[in-house]
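Quick one: this structure, given as structure tokens, is what I'll be asking you about.
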């Protein structure tokens, strides 16, 4: 959910440069924290996680105008540090194919990597009380809601509240046009409440639909995460023993 | 129907511009036949099967399965074909063996009772009763192949397509697999289309062989006929089965031998021409 | 998947851009990117958009594939443009031009430079383990894509995909993703083993020798510097 | 050194509690030998190799490679062993074929010139000169196997370990692979340890065979000796090579034949005992 598909040239330099610096700092910290004797096992693992995320994003879901992201799942499986590193690799590769701007890789990584980190900790906290599938769903919902709020704040503050944007749902490429109108609507209805009238010709419904789309996206992803995790708990429960931090 | 499958000189272009031609003779499969496709690595065997399954559409040429175009009538054709891919790991989807065998049945809306009956029947046929509750991930290679086969025959398809089904199996499991396939063919009348690099077992499983090489179907014929064309085989990175080769060379030297279908048959033929050569004492010594 | 197609262009293409040194192409992409970001003039921006388009045409890559990928940032920038349009039409157009131009620059880079060369250049600025994660991600991606493709084929052949039954598809797709994820973890364990055996110690050695620049490199660098300068000089239009 | 590898009755427990025993005879490999390990699916062949490589640690028993414990002295032992796993796709690391062959060399700190020379040498030996600049995922299955082999021998290891290296290759490619391995053994003195299910090629590549079954190494011996123990083989889901089987059965009937190493040798032996049987006319007719 949190993947801001922000193009280059929209966010002011101060913000994306700060994001980039923060992101690189975290990368250095996480890379340094991989212990020397574990590096041989963990680096291929992070690579595989990154590849999995790229693949999850490319899976068509029938006519649903949504694609999966599953940062939380990757956080649960890889742990916060490796999860973050994998997210960075994913965002960079996506930026290279024009999927999100190159300059906003830092911000994108902070948000999506934030989901991975948050998801990991929530999952760990919840799995003491709940089953692994419900923990995963809980972690997914909470982490996505939080990152969505965070993103609204970042985008809102940086672009200026008057132009604040809500996150874009993971729109599948073939059906962008339809979905993007919904996004337009949400942006406008939130930030330009005074101008809603002007924008009416583009949009038929208002706030309820916006919230519905966001929630549907979050629920869908949580559902898939839950299904996959419940499958793991049957087949490879060892993978769900929370990965070590780092 | 005269033929179940008919493929006429197709050309396929992969997204990266790799061109695969499968031209020359027509590829025709008749009901109840056991057809084996041979050819070197990269000849286009898997590509041909993908066209028959409707997974690919040819740029040129015609593919017909039961009178339909598999790429257009995918959902109709699919119901008549069972398939076992080379890498069965990528084919087994169910969380338990039972679920995997039941996968297609459930998708096609069989009732719970029907599904259960059908799974039991197939499991009994392939000797999988004891592992129905197991998680496929932990099965041995041979067991996984059987599960994939069970999933493929659960709908009792007219045609069963197998891409290198004997890979990685030990000799006994391979023999069992062959027997199982021959039983499916004999008892249920299922038509078999198989690719393999294991030449030596081909006489045990083939009524008809097609050889693909360099973009052409270069030969079709019974195992005896095809394996007699040694030059053509070598051309296609292939070789005749060992026994066929041996007997062929002996025959060329004038001995009245024909390509044997099995080791027992080979023994018989050899004994015939050797008949009476051995002295009794020798026989006692080495027996 | 698009990454595979792009990868193929980069590795099999043959044009002056494919032949230029990777460092040249990366520098050029960055210079163009900076030019685009600092430009606030619609005509300059349009020229900056025209440049990658021209270069893409000249590099004889698969234009359809590039267009397909470019549709994404284009459609998305419309969203931002719509906001700006309320200030002025030009502002809206500018946002779109910038976004599309930047994306085309990146696509031009990746379509003419094999990923190994790109990662080699990233390795000057990023820590070693991160570069290795890139390489592993990329390689695993291709292996796993093959697996997934076969799995989806299998699901389709076994009646597990229906054009309109979304939940039904979702359930089966989640199943396939789950199985693939498990295979992926097994694979990562095997990768770990084989790499250890082959002497991997946390740094994949890339051939990163300095190759002398060729005339084409000089030309491209000069060109992008001229462009950058052009952005800063005020024009009288 | 008397032996390069010695494994004594190990027991391994996988994380999911699967126990694998490899007991019975000691597994001993001497310098320059070509050793083939046979056994049914799931016998523990790959597990045994993993122990020799130091990837696993035994719960009980001893593993010794060149006098060291491979799990403890992993980084020392590793340098003496080249390895080709079954799934070569995952084994090829280098972004380009050249980088992959050079991978271990660079990790071990060879200079640029040394690396280049060594890569050229290995590439020439395996016929890979033309694809050094290619990216691995565009290679065919057979080419990938060769690249993996090149990467494994780049350090000129004393020991080369191959887990089912012939899987999925067409007969000619398989033959080439065998020749290549025999050349590495003959010219460079590299010791070979190979697992395979392809019994018919074993006589061409083995000096010594070990058979593992049901947690035990049940036999060791030359191909001729091992393949003579038909009962034991069947017990282990195996069978003798076709020619061996045929000749063995003929020998049991009293004909003076010994297990042939190749089809040519088989022909010779048969002609010997058939000698002079054929009438001249016949020879003309069928010749």
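We call the chains A, B, C and D, going by the order they appear; numbering starts again at 1 in every chain.
We adopt the following convention: contacts are C-beta pairs under 8 Å (C-beta built on N, C-alpha and C of every residue); 3 or more make two chains touch, one makes a residue touch a chain.
Note that this is a predicted model, so its numbers are computed, not measured.
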Pair joined by more contacting C-beta pairs (A-B or B-C): B-C
Geometric centre distance via CA averages, chain D-chain A, whole Å: 48
Interchain centroid distance [CA atoms averaged], chain B/chain D, Å: 27
Computed distance of Cα centres, chain C from chain B, in Å: 42
Residue list for chain D, restricted to those that touch at least two other chains: 16, 138
Shared interface positions of chain A, touching two or more other chains: 231, 235-236
Numbers and ranges of chain C residues touching at least 2 other chains: 8, 135, 139, 143, 175, 179, 182, 187, 191, 195-196, 200-201
Which pairs of chains touch, using the document's own definition: A-B, A-C, B-C, B-D, C-D
Complex contacts: residues of chain C adjacent to chain B: 4-5, 8, 12, 147, 150-151, 153-160, 172, 175-176, 179, 182-183
List of chain B residues in touch with chain D within their complex: 16, 39-42, 86, 138, 140-142, 164, 167-174, 197, 199-200, 234, 237-239, 241-243, 245-246, 249-256, 263, 266-267, 270-271, 273-274, 277-279, 282-283, 285-287
Parts of chain D lying in touch with chain C, wherever the complex brings them together: 50, 53, 55, 74, 78-79, 81, 83, 85, 87, 89-91, 93, 95-96, 98-99, 102-104, 106-108, 112, 135-138, 151
Residues on chain B engaged by chain A in the complex (per definition of touch): 95, 135, 137
Residue ranges of chain A touching chain C (in the complex, touch as defined): 5, 7-10, 13, 24, 27-28, 31-32, 34, 36, 39-41, 43-48, 50-52, 54-56, 58-59, 61-64, 77, 85-86, 88-90, 92-93, 95-99, 101-103, 163, 165, 168, 173, 176-177, 180, 183-184, 187-188, 191-192, 195, 198, 202, 220, 223-224, 227-228, 231-232, 235-236, 239
